[in-house]
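Take a look at the following structure, please.
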């Protein structure tokens, strides 16, 4: 039986390497053929804000990493709706590659996975 | 049971390195197997051989090394995270033409795959973040 | 399929944990998460209706905290932490 | 004219070395005969909670460092009252070596110092 | 005796800064402090009645933020950051 | 004016090392004097010579070193903080019988007094924390 993995990413982008190292883990997990879900919660939802230009900070743009997830078989990114609301973020401001989890859906979503790796 | 641990914090940041070490010791006392400890993010600093804290403070990297040696634990340091932060083996120091190496004995520099492999193979995966 | 949630800070880690809980899960407060005993004792009271909550003894004692409001919370040492990971099917860390 | 220094310490004890390194700085500042104030705000107020036993964590007890401040000419530690209230801390739970700053007093207290060093 | 306050996160750093301000002080939001534009736009509106507030351009652009609510906030580059430290008598960092 | 900077963050944590570096550059462009940069807490990792980040990432310790050399800036690394975290000069490596040293050239390991002295002597003190 193949184990399923959920990677939870809760930190804002460009705060050290947290967000990037979580994405790295998701990509590598997918290349190991582990059924992998990526869940953004808390400040992690800022990672998919559209229009990021981190080049001035000498940092790689996370958007292209998110867009490459699909090539590795990670079709969507799960996002906690409450975290969006708390930050007054409109869906139109976000990269269009996510699936919203509303209300209790986060708890049941986590329960569906065998292992959880937090970032 | 088989446990895999992921350690993200340096000995000097937060407290997660100490919590992970104490948890690992308790696991071994309980007769569990620690199949792998994976040091990622700031956690790679736990593998440096160059710490010398004051006498009245514990040397966590030294304590990790002792535990790892005594119980023959597979200790893997993420190679990308380590290179970025200046924790290098003799081989990597040569490859990147660095002036010295500082990885303690008993640790292996390797890729993230080692974390994900352990995550699915272990009965329990526990993450220790700051 | 119960889950052990570890929480090492109040603030975002505690908040996110709250919305990820299923009935029957366990919560372990550790490191600075033990400050929830003072900062979030109302939240913990509510929480205790649905899940069991524990604190890590070494972290409570280190910080001079007490179970001042007599919450129905269990105090565990690292051995108890191990037992909680045995009793649950998986562990989720909030930090 | 001798410059006055305020050291602000905002982190909980035993979270890395923040609290200890702020206390070290206060002690050294006093030995340099710099008029030095130490101000605890936010989670920093937990540093003077009475009855700490960090020995199990292999850490030095901060209480003895606080008590030695007086020997170096730092007669009192300033504490933001609002930070105590937010944390539901009673004065009886604290080491009796502090002076409370209530309401607007924090702002005017900071204005009295020439330099501010944050931790 | 005006002070420049730098704030690099919302949450505790922003809250503590608010209670340390004197009229005429300046506030510079930088790093993750720029998220206050969305998370704390009401707080900033209020604040602007008493002090001038700035954001660091590189950090705003990096994160894809905009001054969505048209707050009366100045955008500065690092040179502007330097000028703010010249114009004020001291700098207090909240992080 | 004379500026003193205190840097608490490593290149890999938060963003404060980069912010401090960019601010220092802007100070110099404006004709100010950077009388001292004091590396404390995790900031001591900015002085390690062993980092080798991926090609498409900047090497902040290298950039700090270049700025410090070009402008002859007094760069002080807190000795207690550095020993605790494994950043050591040749002299300290010998004294503590460590296998290697990793402090970049152009930095001095010294005590906290150097921070406090600079704090009162400078016209402006700016702290960069994570």
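For clarity, chains are labelled A, B, C, D, E and F in written order, and residue numbers in each chain start from 1.
In the analysis below, a contact is a pair of C-beta atoms (placed from the backbone, for glycine too) under 8 Å apart; a residue touches a chain by one contact, two chains touch by 3 or more.
Just so it is clear, the structure is predicted and the values come from calculations on it, not from any experiment.
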Give me the fewest steps it takes to get from subunit B to subunit E if each step has to go to a chain it touches.
2
Starting at subunit E, fewest touch steps before arriving at subunit F
1
Going by average Cα coordinates, which chain is farthest removed from subunit B?
E
One chain pair leads in contact pairs, namely B-F
Fitting the CA atoms of subunit C to subunit E, what rotation angle results, rounded to the nearest 5 degrees?
180
Is it true that over half of the residue numbers where subunit B touches subunit F are used by both copies, so same, or is it different?
same
Give the label of the chain whose average Cα location is farthest from that of subunit C.
F
Could you tell me the distance, in whole angstrom, between the mean C-alpha positions of subunit B and subunit F?
26
Taking each chain's centre as the mean of its CA atoms, subunit A sits from subunit D at a distance in Å of 39
Rounded to the nearest whole Å, what is the centre-to-centre distance of subunit C and subunit D, using the mean of the C-alpha atoms as each centre?
28
What are the residue numbers in subunit B that touch two or more other chains?
12-15, 41-42, 57, 80, 84, 125, 127, 129-130
Multi-partner residues in subunit A (2 or more other chains touched) are 14-17, 43, 57, 59, 114-116, 118
List, in ascending order, every residue of subunit C touching at least 2 other chains.
12, 31-32, 58-59, 90-91, 93, 95
Touch list for subunit B against partner subunit A, complex:
6, 8, 40-42, 80-81, 84, 111-113, 115-117, 119-120, 125, 127, 129
Subunit F residues within the subunit A interface of the complex:
12-15, 18, 56-58, 130
Given the complex, residues on subunit D that touch subunit F span 2-3, 5, 16-18, 21, 24-25, 28-29, 31-32, 34, 114-119
In their complex, what parts of subunit F are in touch with subunit E?
1, 3, 14-16, 19, 22-23, 25-27, 29-30, 32, 124-130
Taking the touch rule as given, give the residues of subunit C at its contact with subunit B in the complex, in rising order.
6, 8, 30-32, 56, 58-59, 77-79, 81-83, 85-86, 90-91, 93, 95
